[in-house]
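Some structures to go through are shown next.
Here come two complexes built around chain A, the first alongside chain B, the second alongside chain C.
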Partner chain A sequence: MLDLKPDFGSFFKDETFTGDFTFANSPQSVRRFPFPFDRDDYMYSVNIEPHVSTRPGSVFEHAFDIDEHYVSEMRDRARVLARDPLRCQSLPHMELAGWDLLELLMESLARDYPQWFTLTRSGNDWHWVNKPLGIDQRFTFLDASSLPYGPMEYITRQVQGDFTLQDERDQNLWVDAGMVTTQADWSLDFDIGMNFFEWHAPVPLAHEKGIFERALKFLLRLQHGAPVRRFNWTMTVNPLLDTAPETYPEWGAMRTTVTPQNVGEKLHLRVELQSLFRLPRSNAIAFSIRAYLGRFDDLVTVPKWGRRLHRVVRDVHPDLAAYKGFLRNRDAMTDWLSHHDDGAPTSPGIWPD
Partner chain B sequence: MKDATMSLPPSILSRPVYGVLAPRPGLAHLVIADGAGAGAVADLFAADPGIAGRAHVLYTPGPDGGDDWAVIEALGAAQAQRAASVPTLLFRLARVLLDAKAGTQCYLAGSEGLIGQAERDLMAQGVPHQDIQKEHRGSTVRRVQCVHCKGITEAVRTDPFVCSHCGLSLYVRDHYSRRLAAFQGVCIDAEEPGNIPPAVEKFA
Partner chain C sequence: MNAKLQVRVTEVEALNPLIKRFRFVPRDGGLLPAFSGGAHVVVEMEDHGTRRMNPYSLSSDPEDRTGYEVTVRRDDAGRGGSLYMHNHVAVGTEMVISHPVNLFPLDGRAKKHLFLAGGIGITPFKAMIHQLGHIGAKWELHYASRNPGLCAYGDLLRGPVQFYYDDDKSFIPLKDLLARQPLGTHVYCCGPKGMLAWVRATAAELGLAEHAVHFEEFTAPQPGAPFDVDLVRSGRRIHVPAHQSLLEAMEAAGVDAPYLCRGGACGQCECDVVTLDGQIDHRDHWLAPTDHKTKIMPCVSRFAGRALAIDR
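Right after this comes the complex of A and B.
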């Protein structure tokens, strides 16, 4: 077992993503929120760009962003996995890709956050220290018996965001492994083993636009050392990280608790910063799906975001609103947001003015 | 013979594509069918009279009870067995696959549930995708996995339907897993418990 001995220190927040929902973004965290809309309307596009370090302090500074919610998110992941181990699965041929992922994550975290993570290597003898989670582990790289879990599960219990590993065969990508506990309503257990078109089958409108064919062609050319990123988004009532189809009967009714008075407090824009990395040994592709929750009350403190969020929610295609699960509350959301939109033009791009 | 003209609704991207069985040269021909799939097998044998002498047919009645075993029996296959159900057919199939030679042509015909499960087992044994042909005939009932309890309900006719394992009312999502050979069923009244629309017969 991975025995968490969390140390919140002065930076990490002790908060919950279920039950009493004490999750909240600090003012600094609101300012660095990855607001996903670069214009006043939204429709699917491939929208992939190089995942390069930009804007120190932003979510784009490091390959894998560790923020104030890290320790609590890892505690929430352990809670979800204890209830449902099927949220983490790896088909037998994916173990090497799991080691690739472990190496990528440990190297990145130790390089970018030396105050929290250290990695010491001597040949295949590795020593990993994760101070915030209280982990000190010596193990043999590529020897699964030297870790308490398989390599993918071991490391993704220690990194924010969901992860999937895609095997490449027959000019297609196959989702053959994953750690999925912070998802926007999709089931790894159902989708594992599917190819790129199969697992995207339920997405409306995008197939007809040829989005997935273009995206797959692009991803098959992905090179090691040249990762890419894109945004996706949805809406979540209450800061619930784990909106899994498996537990929908437990959280679905929260969607009916929205009133005109509590929209700002209840509604959260859920942004996925998705990044893709070609892995060196397995030639698999690692897909990081990092979810950020932004309370409407907080987002509208940035005037540009308030105006733009109103226009996007008001005008988004109803099929997309339904797929993203907020058709029921769209009118209440639009009414509430309209009070934060004075009709002024907005500047291009996602950043606050 | 059962009406073989029943058609599936427009396909979705995660669902297998079904064609029409066509004879291919092969050392052996493994034929797996249920219900009205017997008609597709008869058409296949008629298209190439050479198949029968090298064919092994596994057959079971369809999910609607339709039993065209007499059609199969009359084809003169080298080997033909009638199984009592899909699970018992798959049990026999596992034994047959132990001895299957490379280059054996595989033909699947009948209901989506039978085709999906047989294809899953064939591929698990390493039969290449291109050596498997599939033709849908007859019943359009669905095999559905409850995304909540993971139980599979066979021969689903209505939407919504009651999960045969956990009892939740599920709607059938147009999302299909080849690994499970099943569609996905999702709780229909999660947001407003008890608000369950009347079941509509969608699959027959």
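Right after this comes the complex of A and C.
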């Protein structure tokens, strides 16, 4: 077992994503929120760009963003896994890709956050220290018996965001492993072993636009050392990280609790910063799906975001609103947001003015 | 394009009269990325005014991050890349290579990996055997070459390896070999064109599943008659000399052109044909025959006729 001895220090917040929902973004965290809309309307596109370090302090500064919610998110992941171990699965041929992912994550975190993580290596003898979670582990790289879990599960219990590992064969990608506990209503247990077209089958409108053929073609050419990223988004009532089909009975009904009075407090824009990395040894592709929750009350403190969010929610195609789970609350959301839109033009790009 | 690796040559070894092994280490003294067996790197060469970018399979241990090795067979009739490597690259030469790219990967689901190598086709298998050794997977190699003197790495390969020499009239007993493989075996073939065709036909005849038979298809671009091409988007006409590919001619003219394998296998450099008055000599493994009037792969294919204009 991975025995967490969390140290929140002065930076990490002690908060919950279920029950009493004490999750909240600090003012600094609101300012760095990855607002996903670069214009006043939204439709699918293959919005992929190189995943390079930009804007110090932003979520784009490091390959994997560690923020004030880190320790509490890892505690929430452990809670979800204890109830449902099938949220983490790896088919037998994916262990090497798991080691690739472990190496990528440990190297990145130790390089980008030396105050919290250290990695010391002598050949295949590795020593990993994770101070915020109180972990000090010596192990043998490529020897799964030297870790308390398989390599993918071991490291993804220590990194924010969901991860899937795609095997490449027959000119397609196959989702053959993953750690999925902070998902927007999709199930790893259902999708595991599917290919790129199969697991994207439920997405409306995009198939007709040929988006998945183009995206797959692009991803099959993804090169090591040149990761890419894109945004996805949806809406979540209450700050729930775990909105899985498996727990739908627990959270689905929360969508009916929205009233004109509590929209600002209950509604959260859920943004996924998705990044894709070609892995070196396995030739697999790692997909990182990092979810950020932004309370409407907080988002409208940035005037540009308030105006734009209103226009996007008001005008988005109803099929997309239904797929993203907010069709039933769209009118209440639009009405509430309209009070934060004075009709002024907005500047291009996603950043606050 | 993507980040490149800055390396220095630290070893050059003549394995036999035709084949040399080169070792690259990072100039900054750090570690190179690990790679997967079957991967290649694109090696950039400044050959007396001509820029060459040749893909070579990595033949070293994928877990050895201190350096990469490629194994190059001299092709006296080729366009000059291998001659440049053989005649001008020495210990101390500083070079630029791409990150590894794998278009000939192992299938991790295989219960057994059966390798069929012809001549210099041994190179990806050498790396694959190293990699499978680390994870304890089952493999078997059948390696055909002209004679023991030209059998690169023959003395270093240990384990279930069978050698065959043309000069002794000994050949891989392909039909029997494929017919007696256990269920779950994946077959991989890298060698000359004739060998690929032979393995492909035999595997099909025996009813092997297509997804379980893998080929290293990319081939070095071959020279041909010079020709001219109009680049519509760039608004210019370029000349492609006999010993340069269309892709290289575009790069030399400063036209941005994406690529991965530079050997007609990956599809990355595909260009749409805007006008065609003549015959495209399609030399790739990528385009379907139905695309032959409308697309061209500039990394290997050539043209003869009055006019060719492409959307680049």
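Operating definition for what follows: the second predicted complex is superposed on the first by the 353 of 353 C-alpha atoms of A that agree within 3 Å, B and C clash if a C-alpha of one lies under 4 Å from a C-alpha of the other, contacts with A are read in each partner's own complex, and residues count from 1 in each chain.
Rule of thumb we're sticking to: a residue touches a chain if its C-beta (ideal position, glycine included) is under 8 Å from a C-beta of that chain, and two chains touch if they have at least 3 such contacts.
Not measured: the values here are computed from a predicted model.
> Look at A:211 in the shared chain and tell me whether it touches chain B only, chain C only, both, or neither; answer first, second, both or neither.
neither
> Touch check for A:66: first (chain B), second (chain C), both, or neither?
neither
> What is the contact status of A:328 with respect to chain B (first) and chain C (second): first, second, both, or neither?
first
> On the A-aligned overlay, A:281 touches which partner chain: chain B = first, chain C = second, or both, or neither?
Only chain C is touched by A:281; chain B is not.
> Between chain B and chain C, whom does A:96 touch in the aligned arrangement: first, second, both, or neither?
second
> Considering each complex separately, which residues of chain A are in contact with chain B in the first and with chain C in the second?
Residues common to the chain A contacts of chain C and of chain B do not exist here, since the sets are disjoint.
> Note which residues of chain A are touching chain C in the complex, please.
93-96, 100, 103, 142, 167-170, 217, 221, 223-226, 280-283
> Which bits of chain B are touching chain A when the two form their complex?
Chain B residues touching chain A: 12-15, 145, 147-148, 150, 168, 173-180, 184, 186-187, 190-193.
> Can you check the complex and tell me which residues of chain A touch chain B?
Contacts found on chain A: 86, 187, 189-194, 197-202, 207, 245-249, 251-253, 255-256, 328.
> Spell out the residues on chain C that touch chain A in their complex, using ranges where they run on.
2-3, 33-36, 38-39, 62-63, 98-102, 105, 107-109, 131, 134-135, 211, 260, 266-268
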